[in-house]
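Have a look at the structure below, then the notes.
Chain naming follows the written order as A, B, C, D and E, and within any one chain the residues start at number 1.
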Amino acid sequence: MLKSLIRRHADPGTAPGTLRAPVERKVDEVRMRLLRYGAWGCEERELTTVAEVEEARRVAAGGEPGVFWLDVVGLHDVDVLAALGRVFSLHALALEDVVNVGQRPKVEEYDDHLFVIVRGFHEDGDELEPEQLALFLLPGVVLSFQERPGDVFEPVRERVRRGKGRARGMGADYLLYALVDAVIDGFFPLLEAFGERIEDLEEELIEDPSPATLERIYQIRRELLHLRRAAWPEREVVNSLHREETPHVSRETKVFLRDCYDHAVEVLEILETYRELAGSMLDVYLSSLSHRMNEVMKVLTIIATIFIPLTFVAGIYGMNFDVMPELHWAWGYPAALALMAAIGIVLVVFFKRRGWF
Amino acid sequence: MLKSLIRRHADPGTAPGTLRAPVERKVDEVRMRLLRYGAWGCEERELTTVAEVEEARRVAAGGEPGVFWLDVVGLHDVDVLAALGRVFSLHALALEDVVNVGQRPKVEEYDDHLFVIVRGFHEDGDELEPEQLALFLLPGVVLSFQERPGDVFEPVRERVRRGKGRARGMGADYLLYALVDAVIDGFFPLLEAFGERIEDLEEELIEDPSPATLERIYQIRRELLHLRRAAWPEREVVNSLHREETPHVSRETKVFLRDCYDHAVEVLEILETYRELAGSMLDVYLSSLSHRMNEVMKVLTIIATIFIPLTFVAGIYGMNFDVMPELHWAWGYPAALALMAAIGIVLVVFFKRRGWF
Amino acid sequence: MLKSLIRRHADPGTAPGTLRAPVERKVDEVRMRLLRYGAWGCEERELTTVAEVEEARRVAAGGEPGVFWLDVVGLHDVDVLAALGRVFSLHALALEDVVNVGQRPKVEEYDDHLFVIVRGFHEDGDELEPEQLALFLLPGVVLSFQERPGDVFEPVRERVRRGKGRARGMGADYLLYALVDAVIDGFFPLLEAFGERIEDLEEELIEDPSPATLERIYQIRRELLHLRRAAWPEREVVNSLHREETPHVSRETKVFLRDCYDHAVEVLEILETYRELAGSMLDVYLSSLSHRMNEVMKVLTIIATIFIPLTFVAGIYGMNFDVMPELHWAWGYPAALALMAAIGIVLVVFFKRRGWF
Amino acid sequence: MLKSLIRRHADPGTAPGTLRAPVERKVDEVRMRLLRYGAWGCEERELTTVAEVEEARRVAAGGEPGVFWLDVVGLHDVDVLAALGRVFSLHALALEDVVNVGQRPKVEEYDDHLFVIVRGFHEDGDELEPEQLALFLLPGVVLSFQERPGDVFEPVRERVRRGKGRARGMGADYLLYALVDAVIDGFFPLLEAFGERIEDLEEELIEDPSPATLERIYQIRRELLHLRRAAWPEREVVNSLHREETPHVSRETKVFLRDCYDHAVEVLEILETYRELAGSMLDVYLSSLSHRMNEVMKVLTIIATIFIPLTFVAGIYGMNFDVMPELHWAWGYPAALALMAAIGIVLVVFFKRRGWF
Amino acid sequence: MLKSLIRRHADPGTAPGTLRAPVERKVDEVRMRLLRYGAWGCEERELTTVAEVEEARRVAAGGEPGVFWLDVVGLHDVDVLAALGRVFSLHALALEDVVNVGQRPKVEEYDDHLFVIVRGFHEDGDELEPEQLALFLLPGVVLSFQERPGDVFEPVRERVRRGKGRARGMGADYLLYALVDAVIDGFFPLLEAFGERIEDLEEELIEDPSPATLERIYQIRRELLHLRRAAWPEREVVNSLHREETPHVSRETKVFLRDCYDHAVEVLEILETYRELAGSMLDVYLSSLSHRMNEVMKVLTIIATIFIPLTFVAGIYGMNFDVMPELHWAWGYPAALALMAAIGIVLVVFFKRRGWF
C-alpha cells in the first residue's frame, strides 16, 4: 500500500496540466452513466461517446430543470477525459488531478465550477485499497470520476431512483453533498472492522502474545496512518464546503454539510482513539514479554539454585581421598541425603518468602 | 464499549433525515413526562400520547407564562418521535441525531430552535456505559430525549419542584443550562472513582506489580480515552452556548454558562492529568519488571557462581587417575574442603563489593 | 493530594449559587482583618462581625480617599460569607466559587466588580498542599478570602505598613496586582526545591539507581502535573488582567501586570523543562537497569562458561569404565589438569577479545 | 550531513551584507547560461562575463517582450556575484544569502524584486546532499543561482525549448513557479526511495533484526528530519507566494502555485507518515529483541532445568559411602536410569503445559 | 546550571522596582565604555562616574548628530545603576530586570524607550554559562548592560571603529539590531559544537555504548533544553522588533531584523532537530543494550546447553552401582565418548540452524 500511494507521481518537471493515464488500468473501457432527475422524475442511461454526452447535455439544457449527473468509470483513456474537459470547460489543472490518482483530498474553486477530490477505501483481500473520487460541480451538473466501478455511489443513485427523501427535489449541490457524505459514511464500516481487530488483539495480548501479535499491531498502526492521511483533508474539504462563501453551494445544502462535517470529525476522533490504543498495545506487548521472561527466569533460577548446591554436596562425597571419615560412618549416606534435603527445604522456603512460587 | 460506540451508524448512503430506531431497546415503552412551571408554581404529569402533548402545549400557550419541559424516555418508537417532530417543528436532521445514539456532543442552531446533544456516563457493573441526551430549546419550551430512565435530570426536577434558587424564576434557556450543567457535573463522581483507582494502582505498582496491574492500567487508559472523547466536544458545546450570539440564550443565563464552562474545562484538565499519570505508570511498570528480573538474576548468579567452581574442585578429586598424590595425603580431604571454603569466601566478598547483597 | 483536588465538588445537580462550606474546616473562627491606607497613612484592625465591616466601610467611604482591603481567613461560616456578599453586592456565583475550594484559577468580570481566583501552594510535610485564594476588586476596595491563615500576603501588608515603594500611592487595582504577584512569586521557592530534588535524583540515577529512585521520579512527575495545572490558568489570569479592556484596572497598573505575566510565563517554562527532564530520567533509569542486568549476566556467563567445560572434563575422568587407558598413565593427572588450564585460558582470552572484562 | 548544514555560518558579528564565498568550491568556474523566450521563440546561450550579461539585458529590454532567464552555476567567485548584484540592483542582504549556502527556504519581497530560496536534495552515494537554489524575480527577468551544475532545472528548460504547454506564453512569474515546482516535485523520487527502504526494513525487522537494522532505522529517522527541515519552510514559501498580495506574481500564476502548494503539503504528510512508521519500527525492533531473548532463555531453561536434577541423581550414586544399599541391588542401575527418565518426562510435560515448546 | 537559572529570584512579595544586586559579583568594578560615532567619525573612551556620563551626553546632544553607545559592565553596584536610570529616565521595572539576571528574553516598549533583554551563552569549562544582556534604545542612544566583560559585542565595536559596511551611517536602532544579531549569531558556534558531540555520540553508540554514553546523551538533552528556553523567546524578541509598529525602529532597520529573524528561526530548527536526534539516541542505546544482552545470553546458552547433557552422561558412568554392564565392556569408554561427541554435534547443528552462531 505504501508504494501505491506514491508511485503515481509524474516525473519532476513535467509541465502542469499534462494528462497522463494512471499506471494501472483497472477497467477495460471507460463507462459513462448518465442520471438525470428533477421534480418531473428520473432518467438513467449509459453513454458510450463524448459526442453523446454533449448531445445529452444540450437536450437537458433545453428541457425541464433538473440535475445532470454523469458518472465516469475508468481513467486510462486520456482522450475521452480531455474531450469531456472541453465539453464542460474544466480547468486543465483540475483535469490533471483527476488522472493523478492518489491526490490529497481537496476542494478547489474555479470561476465557473467547483472541484472536489475525496478518497475512499475498499478492502481488497487483507489490504485496504485507496480509491480516488473526483467530483465537479457546475450549475445543474455533477461529474464524478472513479478509477473503477465501485458501489460507493450506488446508495445515492438508488435514493434518486426511488425518489426517497429530498433526493429529487434539491439541486446539484445537494447531489455533491450526498456523494461526499456517502464516501465519509463509508469510513464507518472500516472503523468497525478496526474496532473488532483491536479488541481481538487486546485479548491476544493478554492471553498469548507472540511476534505475530506484534506484527498485527504494527500493521494496524500503519493502516490507521493511511486512513488518517485521507480523513484529515477530507474533514477540511467538508469544512470549506460548509463554511466558505461560495456561490456554488446553497444555504439549504450547507445545513446538510454541517451534519456531514460532524461525521468527518467523528471519523477522525475514532481514528485518534484507535491510534492511542494501538500505541498503548505496543507498550503492553513489551511489558508482557518482560513479564514472561521473568517467569522463565524464575523457573530456571529456582531449579538451578536448588540443585546446584545439592550436586556440590554429592560431588564432595564422590571424591576419592583416602581419608574421608564420613564415608565410613554407618549413617553417612542417610546423613548426606538428609543434609541435601535440608538444603533443598531451606532454599524452597527462601523462594516462597520472596514470593516466587 | 468500543463496539457500542461505533455499531450504531446507519449504512453508508442512507438518506439524511431518515429515522431509524437504535439497535438496542432499553425501555419497554416511550414515556413522556411534562413539567410546567413559572412564577405561579409548578405542575407535573405523565403524558401517554403525542395528542396529549399537543393539547398540553396549546393549553400552556394560552395560560400564564412559564417553562414547558417535556422529558421523553425511550427512543425506539420512531412514529412517536416523528409526531413530536411535527408538533414542535423540529428539523429532520436534528431528529435523526436524536435516535442515532452515540452522536458527538454538539450544538446546532436552527432558525427557530436550538439543538444540543451531550453525552453522560453511568457505571454499569464494571463498565462505563455512555448515554446520549438530546435537548431542544424552543421559546418557552425544552424537550429532552433519553434512551432510558436515568437519574441525571432528577436533581434539576427536584429543584424546580421545591422552587429553590433561581429555578422557577428564569426562562427555558436557564433550564437548558441546568440540564447541561447536571450532565457535566455528573463527570465529577466518575473522576473521583478514577482517582481512587489510580491511587490503588500506584500502590499496587510499587508493592506487587503483576500482569493484572498492567491490564488495569490499560483499561484505565482506554476508559479515559472514551471519557475524553465525550468531554472535549462537551466543552465546545458549553463554550459555543456561552460565546456565540444567539437569540435563544439570554445574557443572564450566559453568566451561568460561563461557570459551567469552567467546570467542563476542569473535567478535561483532570482527565489529562490522569492520562499522563496512567502513561507514567506504564513506564514505571516496565521499570519495575526490569528491576525484578535483576533481582532474580542476581540470586541465580550468586548461587551459580559460588557453587560452580566448588563443584569443579570436587569433580577433580572425584577423578579416578591411578596417580593422584593429593588423594593419599592425610590432610588431603580437609585441605580440599578448606580450598573450597576459601574460594567461596572470595566470591562472597567479591559480590559484597559489587553491592549485590 | 489527588483526592484533595477532586473531593470538594458539589453533588451533581446542586443549584448554582448555593453556598456550602468546604468539607475540611481549617481555622476555628472566621477572622477579618481590615487594612486601610492612602496618601494620608495607614490603619489596620481586626473586625469580628459583618456589621463592623459595614460600619467601617461607611466610615471609609466618607473619609479621605484610599484603599480598603478586607482579608477574610476561614470559609466554613457560610452565613458570614453570605452577609459579606450582601454588603459588597457580590455575585452569587462568585461567592459560591469562594467556598468551593479547588477551583480553577480564573478572572471573571461582573458589572461592578472583578473576581479573581488563584491557587498557591505550601509545603505540608512532604506534600504540596494547594490553597485557593479568592480576590474581589471593587472601586477602592479589595476583598481577599483564604481558607486558613498563611503568610503569602504578609509581605504585601508589610510593604503597605512601611509605605515603601509605590505601595500607598496607588489604587485598589495595584493592590490586586500585588496580591496576585505575591502568589506567583511564591512558585519560585517551590521550583528551586524541585530543582534541587531533580539534581539529587540525577546523581542517584547515575550512582545508585533503585526502585526508590523510580518512585521519586514518579512522585516528581506527579507533583509537576499538579503545579502545572495551577500555573497554566494563572498565566491566563494575569494575561487577561493585562490585555483586556476593563475599567477596573488602570493603564498604570497594567505595566506591572506585564511584568507579572513574564514571571508566570517563566514559571511555566521552568515547569516544562523539569517535566522533560523527569521524562528523560525515566528513560535513563530503564537504560541503567538494563545495563546492570548486562553486568550481572556477564559475570554469570564468564564463570559458568569457564567452569562448565572444566567440570565436564573432570566428570569424564570420574567415570568408572574398566578400560580407560588415560587413568593409568603416569602423567595422566597432570595432563588432565593441564588440559583444563588450557581450556580455561582459551575461554578467558575469548572473553577478553569480546571486551567482557 | 549534520556538519554540512551548519558549518557555513559567518563568524558571529560579521557585518550583514558581507559576501563570503562558500567553504567548498564545487565547480571550477562560474557558468552563466541565458535563456530568452517569448511568443516569438526561444534563444539560448552561454555568457562568460558580467559585461556580456549587461549587454544581453540591454538588447533584451529593447527587443520583443519575453522572459530573460539567467542561470548562474557556481558561487565561489564573489566579484562576479557582486557585479551581477549591481547590474540587476539586487539587495545586499539577499545577495549575502545566495552565497551563504544552507539558508532556510524563504521568500523575501524587496521593493523591486522578489527573492526566493529553496532547498533541493540529490543523492550523493548513500548520503542525501542538500543543495541551495536561490531565485530572483524581477519584471521580465528570473535569475537562478546554483552551487554546482544539476539537472533539477533541466526539465523546465526543455519545456521552454520545445515550447510545450504554457511554457513560452506566460511571464517571468510563471517561470519562477515552474522552477520552484520542479524542486518540490524533486522530493517525490526521494520519498519513493524512502518508501522502499522502509518496506525493506519492515521485512528485515520481522525476519532478521540485527544491530544493522537499528542503525538503518536511526539513519532513516535522521534523514527524514533533514528532509522535513527543508520541506516545512518550502511549504511556507509556496504558500506565501500563493496567498500574499504581491505585485510580482500574477493571479493566473497563483492558480498554478495553489497546485504546487498541494504537492508541498503532500510531501510533508508523507514525511510525517514515514516518521511515525520509523518511530514504530524502533518499538518493534525492541520488542523483537525481547522476544528473541525470551526464546534463547527458554532453550537454556529447558535444557538446564531437565539435566540439572538428573545430574544430581547421578552425583548421588557416584558418592563413595561404604553403606549405600541401592548400589548393591541387582536392579539398582536400571532403577536409577528409570528414575532419571521419569524426572525428565515430568519436566518435559511441565514445560509443554506452560507452552514453552 | 539548573540552579544558576533559578536562584536569582527576589523573595516573593518584594516590591516591584526594587534594585537588588545579583548574588554573584563577577567583576571588581563597574566599567562604562562610551562609543560615539556618526558620519563624522568615531570616538571611544572609558568613563568612571555617572557624572561623566551625564556630561558626555550633554556634549553629544549639542554636537554633531550620531549614535551614543554606553556599554556598562558589572551589575553589582546598585547606586550607579540607579543614577544611570535617572540620567536616562529609565523605567524602574526595566532597571529591576537589568539586575535580576536570568530574566526571560523580552522586548518592552515604554513611552520614550525600548527595553530588550537577550540571553547569550559562553562555555565555561564543560558547562554552558548563560549571560543576560540588557539593552535600552533611546533616540540616538543605546545603553547595554552586561554582567561581566565578554567579547560578544566586540565584533560590532570593531566594525564601528573601522567604519566598515553600514556601521557608521545608520542610527541607534541599527546598532540595537547589530547587538541583538551578534547574540543570535553567537548560537551557531555552540550548535556546531553540539553537532560534533552528537556525531561523536552516534559513533560511540554503535561501536561501544556504555553508561557514560547514556550520561552524555542525558547531558546533551539537558543543555538543549536550556538553549531552547533561551532561543524561543529570543525569536519572539526579534519578531516583535521586526513586526510591531514602533516609532523606535526605522523601516530600513526592519529589513535587517527580518534577516536576523531568519537566523533565530534557524537556531530553533537546528535545536529541535538535535533534540529529536538525542531522543532517538536514547532508544538506540536501550536497543543496543538489549542486543548485547542477547549476545551474552547466547554464549551462555550455547556453552551451557552443550555441556550440561555431556556432564550428565559422564555423571552416569561415574555412578558406583555394582551392576553396570557398560562399564565392563571393552569399548565402553570409547562408546561413551562417541555418545558425548554425538550429542555435542547434534546440539551445535541445532544452534546453527537457529542462526545463533
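Some notes on this structure:
Going forward, contacts are C-beta pairs under 8 Å (C-beta built on N, C-alpha and C of every residue); 3 or more make two chains touch, one makes a residue touch a chain.
This structure is a prediction, so every number in the text was calculated from the model and none was measured.
The chains in contact with chain A as well as with chain B do not exist; no chain meets both. Steps from chain B to chain D, taking the shortest chain of touch contacts, total 2. On superposing C-alpha atoms, the copy chain C sits rotated by 145° relative to chain D, to the nearest 5. Where chain C touches chain E, under half of the residue numbers in use are shared by the two copies, so each contributes mostly different positions. Put simply, the C-alpha centre of chain A and that of chain E have 42 angstrom between them.
Note on chain placement: the centre of chain D and the centre of chain E lie 26 Å apart, centres being C-alpha means.
Shared interface positions of chain B, i.e. residues touching 2 or more other chains, are given as 286, 290, 293, 297, 300, 304, 308, 311, 315, 318-320, 324. Because contacts link each chain to exactly two others and close back on themselves, their graph is best described as a ring.
Each chain touches its neighbours in a single ring, whose members, counted from chain D through chain E onward, are D, E, C, B, A. Those residues of chain E lying in contact with chain C across their complex are 2-3, 5-7, 9-18, 91, 93, 97, 103-104, 106, 108, 208, 211, 214-215, 218, 221-222, 225-226, 229, 282, 285-286, 289-290, 292-293, 296-297, 299-300, 303-304, 307-308, 310-311, 314-315, 317-320, 324, 326-330, 332-333, 336-337. Across the interface of their complex, chain B is touched by residues 152, 154-156, 158-159, 164-167, 178, 181-182, 185-186, 188-189, 191-192, 195-196, 198-199, 202, 206, 255-256, 258-259, 262, 265-266, 269-270, 273, 276-277, 280-281, 283-284, 286-288, 290-291, 293-294, 297-298, 300-301, 304-305, 308-309, 311-312, 315-316, 318-324, 355-356 of chain A.
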